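After this come two complexes, each holding chain A, first together with chain B and then together with chain C.
Here is the complex of A and B:
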C-alpha cells in the first residue's frame, strides 16, 4: 500500500514537472501524437525539423503507379501514344539526373539539411542536390533543368515545394511513365513521427494527364549508428554503357596508415 | 524569467567564444584581425556562395600562358614557389599526359576531387555537426564532418573524405580517401591514392576567405607543397544552377587528339604576337 502510494506521488511529481517546463499547450508535449497531428521538433529558427538521413522502402522507382492514388495514372490518349513512340532507353541509364519526384524514391538514401531560409536535399544517388529557398521566390524563366526549379514555403508542419522547369526527357520510373515540359510537381513533406516523414506529391501536366494525380509514401529515417552518405559516381568508366556501380573497392585499412614516406634524395658526386 | 536567465547564459557563453584581440602588445600599428560573424552555435560564419580567384588553376596550377582553352593565362599560378616537387618519373608522366587530354577525367564528367573542385563556385552551409559544401560544377558536393569522427576505412572516392575542425577563425579540413584518378588541372598534374590534403579556410574580411592547402603525396612528389588563392563572396542574389556535365557527352570526341591539333586560328591575337 505504501509502495503504491509512493509511486502515485512520483507519477504526480513527474507530471507536475513536465507541465511546469512545457508551454501552456502542454497536453500534447507529454505524449506526442503520431500521424498527421504529430508535432515535429523545431529548428532554432522555429521551423519543423526535417533534418537527417531518409530513405523510401517501396518499389516506386520501378513502377510509380505502385504509390499512385488508385494505382492509376490518368493518361491522355495522345500522351500514351507519344510515350509508345518515344525513346525506349531510360535516361538514368546514361547517368542523367532522374528528375522530381523520381529522385525521392530512387532506392538510395538522402540527407535533408536546414538553414534559415533554406532546405537542402543531398541525395546519395548521382550526388544530386537541390538547394531550395523557402522564400516563395518566383520560378526562373526560360531554362529547363533535370531536377527542375524548386521553390519552398512552410504551411504549418509541412514543407511545401513547388517544382517547375523540369526537363521533358526525364521519366517517372523505369517502367517508362513519361511527362511533358508542362510538368508541375507540388511536394509536401510532413513529419509523422520521430523517424518518419509523409511524402506526398501532386503531379500536374495538362499535356500528358487528364487531371492532376497524387503519389504518397512514408520516408524512413536511417537510424544506423554512424551512417553517412557515400559517393555514388554513375559516370564511372563512362563509355556509354549503362552502369550502376556499387562503392569503389578500396585498399584495406586506414588511409593515414598507408606508407607515407617521401623518397630520400641520393647523394650525387660532382 | 527562466528564459531570460537562459538567454543571458547563452549570450555570455557566446561572448566567451569570441576571441579578444590582444591589444597593445605589439608596437607596430597593426589592423586588428578580422572577427567574422558567428552562426547561432558559435562557429565563425562562412556561409554563402563563394567564387574562387584561381588565375586559371583549372587549366594549370603552375604559371601558364593564355590562349585558346587556357583563358587569360597566369604569371604566378597558384602553387607556392611556382614549381612542383615532382619525382622524375612523375614529371615525365605529367608531360606525357598533356598530350592525352582525352584521358582528363573532367572531360568524362567525373568529380574533380579536392583541391580541383574548389576552383569553381560553391556554397557553404554550416550545421553544428557538419559543414556542407555544394559545388555548381558537376553538381559535386562534400560533407565535412566536424564531430571529431575518424576517416572511414576501406573506402576511396573521387571527392575523398573530409573531416574538419576549427583553429581560431580558420576552418581546417583534412581530406584523405582520395582515389588516384582525379587530377589537379588540365596540364597533366596528377596524384596517387595516398594523396592527403589539408585545407585552411581563413576569413579575412566580410567578402573574402583566404584558402590554402598543403598537398602531401609521397608516391608522386619529393616533399609536401602548398597552393593558395582567395575566395570572394558572390553577389547577394547569386544562385547556383544545375550543372549536368554528362549532357549528350559529345565533347569527349573533340578532346581525343588534344591541344596538339587545335588550329592556329583559334589562338588569340596576343598569342599570335608572342609566336612571331
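Here is the complex of A and C:
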C-alpha cells in the first residue's frame, strides 16, 4: 500500500514537472517571439521596418527622471547652480521646439517613414520633422538648432541616431531639467514586437552631468483604424502670452519673474 | 489661342506683382532703398537667430560720439549657408558693413555686405533678396 502510494506520488510529481517545463514552450508557440530577439519585418532595401504612427505612454515630458536609469540625473554642482539662476519659464510655453530627446516623449503621436538612405520622423507636435540620413556623415559645425543635427546608421535590428548641435535653451522636460550646448544624445530605436519599439537615449553633456546617463521607454504603435497625424499648432490665439502656466514661478523680485497680466492684442482694421 | 495668351499674360503679370512681396517680408515697410549706408566699427553683439539675425556695431561718428548700429540680416540657417557660424563675429572685431537704413532714420539698417578683419567679404543679403 505504502509502495503504491509512493509510486502514485512519483507519477504526480513527474506529470507536474512535465507540465511546468512544457508550459513556457507552448506559450511561445502561440505568441510570436517578443523582446530584444524579435526580428522586425524588413523594408524593400533590407532595413528593419520602423514605419507607422507611434506614441509614448508615460510622464517623461513632465519629469524625465521618471524614465532615467535609477531615476537619477547626475548633475554637476555648477550645472545645478546655473539651472537655479537660469530661466524659469518652460521654452515650449513660448512655442519653442522641444529639442531632442524631449520631442520623442511629448504626449503627441509621431510618424516614422523610411526611404533608402534616410528615415523621416514627422511629429504632430508643432509639425516638427527630422529627416535623418543613415550615412554616418560628419556633424555640421558652428551653429545650434532646436532639434540639433541628427545623423543615423543601422546596427543590426537597431536604428542609431547621433544628435549634436542642440540649442542650449531647450529643456528636457517641464520640470526644468536643463543642459548645455555640449549636449550629445545617442538614440536607439529597436522593434520589440509588431506594435512596439524600444526607445533608448544616452545623454552626455560634460558641462552639465558627471557621466553619461540613459533613458528608455517603449513606443507604442497607434492602431486606431484611420488614425492620421493632424495639426498641433502653438501660436494661434495666444495673444503673445505663454500658452502654458508657469510651472515654477520665480521668487518675488526675481528679474526673470513674469507678470501674469498679459497685454491683449487689439484687432486693427486695415 | 488668344484666350491662352491672355491667361499666360495674366499669370505672368500676377507672378511679377507678387515678387517684391516674396523678396522678404518687411523690407519695403521698414527700410529705404534710397538710403544706402556703409559703416566701420567694432562688433558689440551678434545674434544668430530666427526669424532674422542681427549684427550690432559700435560706430564712432564725426563728432567723436559712439553710436550703436543694428543691422538686420537673414535667418540662422540662411546665414549658415552664406558661411556664418556662431563665432564668425566676436565682440570687439573691427568690420565694415553695408546696407539700407531704416525709414524711421534710426541707426537701424538692413544688412547687405560685411567685410571681416582679414578682408574676407561676407554676403548678408542682396538687393533682390535683402537680408
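What we mean here is this: the second predicted complex is superposed on the first by the 210 of 270 C-alpha atoms of A that agree within 3 Å, B and C clash if a C-alpha of one lies under 4 Å from a C-alpha of the other, contacts with A are read in each partner's own complex, and residues count from 1 in each chain.
Definition applied: a contact is a pair of C-beta atoms (placed from the backbone, for glycine too) under 8 Å apart; a residue touches a chain by one contact, two chains touch by 3 or more.
Model, not experiment: these values are computed from the prediction.
Asker: Applying the document's definition of touch, where does A:39 land relative to chain B and chain C: first, second, both, or neither?
Answerer: A:39: touches no partner chain.
Asker: Return first, second, both or neither, reflecting whether A:94 touches chain B, chain C, both chains, or no partner chain.
Answerer: It touches chain B, and chain C stays clear.
Asker: More chain A residues touched by chain B or by chain C?
Answerer: Residues of chain A touched, chain B against chain C: more for B.
Asker: Counting only touches as set out at the top, which of chain B and chain C does A:141 meet: first, second, both, neither?
Answerer: After superposition on chain A, A:141 lies in contact with chain C alone.
Asker: Go through the superposed model and pick first if A:59 touches only chain B, second if only chain C, both, or neither.
Answerer: Neither partner.
Asker: Could you give the residue numbers on chain A that contact chain B in one complex and chain C in the other?
Answerer: 143, 145
Asker: Would you tell me which residues of chain B are touching chain A in their complex?
Answerer: 40, 47, 87, 108-111, 123, 125-127, 132, 134, 139-141, 143, 145, 149-159, 161, 176-177, 179, 193-194, 196, 216, 218, 221-223, 239-242, 244, 246, 249
Asker: Report the residues of chain A in contact with chain B in the complex, numbered from low to high.
Answerer: For this pair, the touching residues of chain A are 44, 51, 94-97, 111, 113, 115, 118, 120, 122, 126-129, 131, 133, 143, 145-147, 226, 228-231, 233, 235-236, 238, 240, 247-248, 250-256, 258-263, 265.
Asker: In their shared complex, at which residues does chain A touch chain C?
Answerer: Its residues touching chain C are 140-145.
Asker: How about chain C: which of its residues touch chain A in the complex?
Answerer: 48, 76-77, 80, 84-88
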